[in-house]
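Per-chain numbering from 1; labels A, B, C and D assigned in written order.
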Amino acid sequence: MESETGRIEAFSDGVFAIVITILVLEIKVPHEKGTELWHGLWEQWPHYAAYVVSFLIIGVMWVNHHTIFVHLSRVDRPLLFLNLLVLMVVSVIPWTTSVLAENLTDPDSANIAAILYSSWTVVYALAFLSLWWHVTRVGHLFHDKVDKDGARATRLRFGLGAIAYPCTVVLSLFSAPLTLVAHFLIAIYYAANQIPIPLVIEEERLASESDLRK
Amino acid sequence: MESETGRIEAFSDGVFAIVITILVLEIKVPHEKGTELWHGLWEQWPHYAAYVVSFLIIGVMWVNHHTIFVHLSRVDRPLLFLNLLVLMVVSVIPWTTSVLAENLTDPDSANIAAILYSSWTVVYALAFLSLWWHVTRVGHLFHDKVDKDGARATRLRFGLGAIAYPCTVVLSLFSAPLTLVAHFLIAIYYAANQIPIPLVIEEERLASESDLRK
Amino acid sequence: MESETGRIEAFSDGVFAIVITILVLEIKVPHEKGTELWHGLWEQWPHYAAYVVSFLIIGVMWVNHHTIFVHLSRVDRPLLFLNLLVLMVVSVIPWTTSVLAENLTDPDSANIAAILYSSWTVVYALAFLSLWWHVTRVGHLFHDKVDKDGARATRLRFGLGAIAYPCTVVLSLFSAPLTLVAHFLIAIYYAANQIPIPLVIEEERLASESDLRK
Amino acid sequence: MESETGRIEAFSDGVFAIVITILVLEIKVPHEKGTELWHGLWEQWPHYAAYVVSFLIIGVMWVNHHTIFVHLSRVDRPLLFLNLLVLMVVSVIPWTTSVLAENLTDPDSANIAAILYSSWTVVYALAFLSLWWHVTRVGHLFHDKVDKDGARATRLRFGLGAIAYPCTVVLSLFSAPLTLVAHFLIAIYYAANQIPIPLVIEEERLASESDLRK
């Protein structure tokens, strides 16, 4: 069954890698010619900003996904489909990114696009949390050395952490550029502070933590 | 020869991962600006619906493909090319999805697009069944622990299961949106009920089934 | 160094999988609406034909690439870059396919597009042959059980086999659709008849051949 | 933790494979019909030239990335994110390539596009150097057989090598086509001359070097 996890990881990695790479297709070549090209390149700043933020968000999602699957040794049918749900949600991000980038400087539609972008991160957080709840509920899919009760206890912290996303939806009503900045900061925060999944054997936990914190 | 299977699986996983991810390229950024953006986003509902259904269909296809290859330990030339045929058919789905989404709300062309979409799932079912028939005919490609007669006996049930697809072609003559709903329900059904491939050693079969059913 | 081969194979498989999958992006959604959709779908037949032929060609290329790398256990710098050259040539095929499909029914430009398409298969054959020559020249990259002299002797047959491609360039001057048919037949032929790479140990060779011929 | 490296490599390989393959999407099908197709194909020469150069640049980047990760056995959080930064920069190359190709024959905008293209290679060199500095600073991520002091000593040579990129930015002010030629030559140079990462055990180093130099 080890190989079972292997192929889900490979498939998921493939999807993450493609999603994060086709993000760049949303940045168009400016139509401006001659010395106007500088201007045309500059005008596209919302696309660059949205690209960087979405790249970072998907990157952090991949790291989280990776962290969970490293602790699993078995796969069941619900996991297969909750994982598919997570991938479906992730795959839509290039589109929400394009919608936001296209509308970021339009005074009337910027907030609408920001609400769409932020709401989608909420949808992702929900999909990811339901995968995590399924995995921790019984704990039958974990490696033997994972501390199942400890893993279950992280649910609340995971859930609380996800509260940042609904807040960005509210922020979207006021300022789209600030919303983008908020998503950038949240991604940086989660990149630096991840909730560790506790292991049964204390020594191993410390060793693995020190590796990850260095 | 084990590694032979490994590389076919990796290549197929790559194709499935790319197909499922480039589905999103069929959802366009609305041209509407200002407060009209809400309206523009709403107008695209056929694209969202078609995206979800096709994502689910391809996801289930991947799970099925995966299930078959987990039971194989050898590869022969016909398998290589039947697998290529399956991948060729799968790769066309983003296009049939786009055609359906573009025409779903057009009273005259919706049925035509639905016939195309449904017929293509029939083509997929035929390609997949011929791969399964080849694999089960002699059974020389299976792992030793696979019950070859039992595997051969699943052909009829696989074939009967595929009868749902021609039915959606008929349904397409009457209603394109209902056809999309039907495909959604069929995908959900196959996601939840898969025909298990029997193993020789009863204990292992029970163990693996209980894993998959949990 | 085994793992060295592994990562080149994985990278190459990724490129092949992406190239074969993005082929479908050349098939556009017809602009025709209403009952004209049938007509619009029919009008695109050159795109479908070109898709099938190119998919098959790339699939056979992948099988050939795969066959060579299965026999290698070491990697040197020239191999790395000859492989990159092969991938560069393969990656251009979606474009030559699009050019051919767009022009296949235009009486004036069809032959030009067919010459481009056919010439590109010549370029591929040359790139692939130079990789094969490098690998067989010294034979230092092969697994121990590969018969190096036997492998070197296949060069001529490989080279003769590739003569079909320049012939399609000549055929392109007369008929673009016939050229496409010729490429289809050549791909089918190579799919069914591959030159085996001989192994030192006769028993293993027979066993592996019987596997591949079944 | 070995597998940890494995999954980062797989994810990175995926991104490199996709980036290098979607480069071809920047080459468009000419609009010219009839005998004008020759002319239309010829007019696109900047796209072909830019395609070849960028393919080579990304290919060399992949080889470099590969070389570094072959020497690592552990992964820490900064490496994860410096790697993500490298991938983010690489993923933008299809866009800088398109901008350069579109403007290469425009007397006014060619230099601007060349500056963009060249500057981006500087950004890549900086991202890659910071990954290399992190890896060599403590050396705690290396395999045991890597000579950590020797690896640290390569920093200067790596850094000096990267000086070619700022020079291309200066060259971009004078001639865009010459800049493209310069990037081609630099890529060829780095393809042929790579700074080896020294190993502790001299015998192994010699063996691996002779493999790579053959």
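Following the convention adopted for this analysis, contacts are C-beta pairs under 8 Å (C-beta built on N, C-alpha and C of every residue); 3 or more make two chains touch, one makes a residue touch a chain.
None of the values given here were measured: they were computed from a predicted structure.
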| item | value |
| --- | --- |
| Rotation angle superposing chain A onto its copy chain D by C-alpha atoms, nearest 5 degrees | 90 |
| Type of chain C:chain D copy interface by residue overlap (half), same or different | different |
| Centre-of-Cα separation between chain B and chain A, whole angstrom | 26 |
| Approximate Å spacing (C-alpha centroids) for the pair chain B, chain D | 37 |
| Of all residues in chain B, the ones touching two or more other chains | 10, 14, 18, 22, 25 |
| Interface residues, chain B side, partner chain A - complex | 9-10, 13-14, 16-18, 20-25, 27, 29-30, 32-38, 41, 51-52, 55-56, 59, 62-63, 66, 70, 191-192, 194, 208, 211-214 |
| Contacting residues of chain C [partner chain D, same complex] | 1, 3-4, 7, 10-11, 14-15, 18-19, 22, 25, 74-78, 80-81, 84, 87-88, 91-92, 94-95, 98-99, 102-103, 106, 108-109, 112-113, 116, 138, 140 |
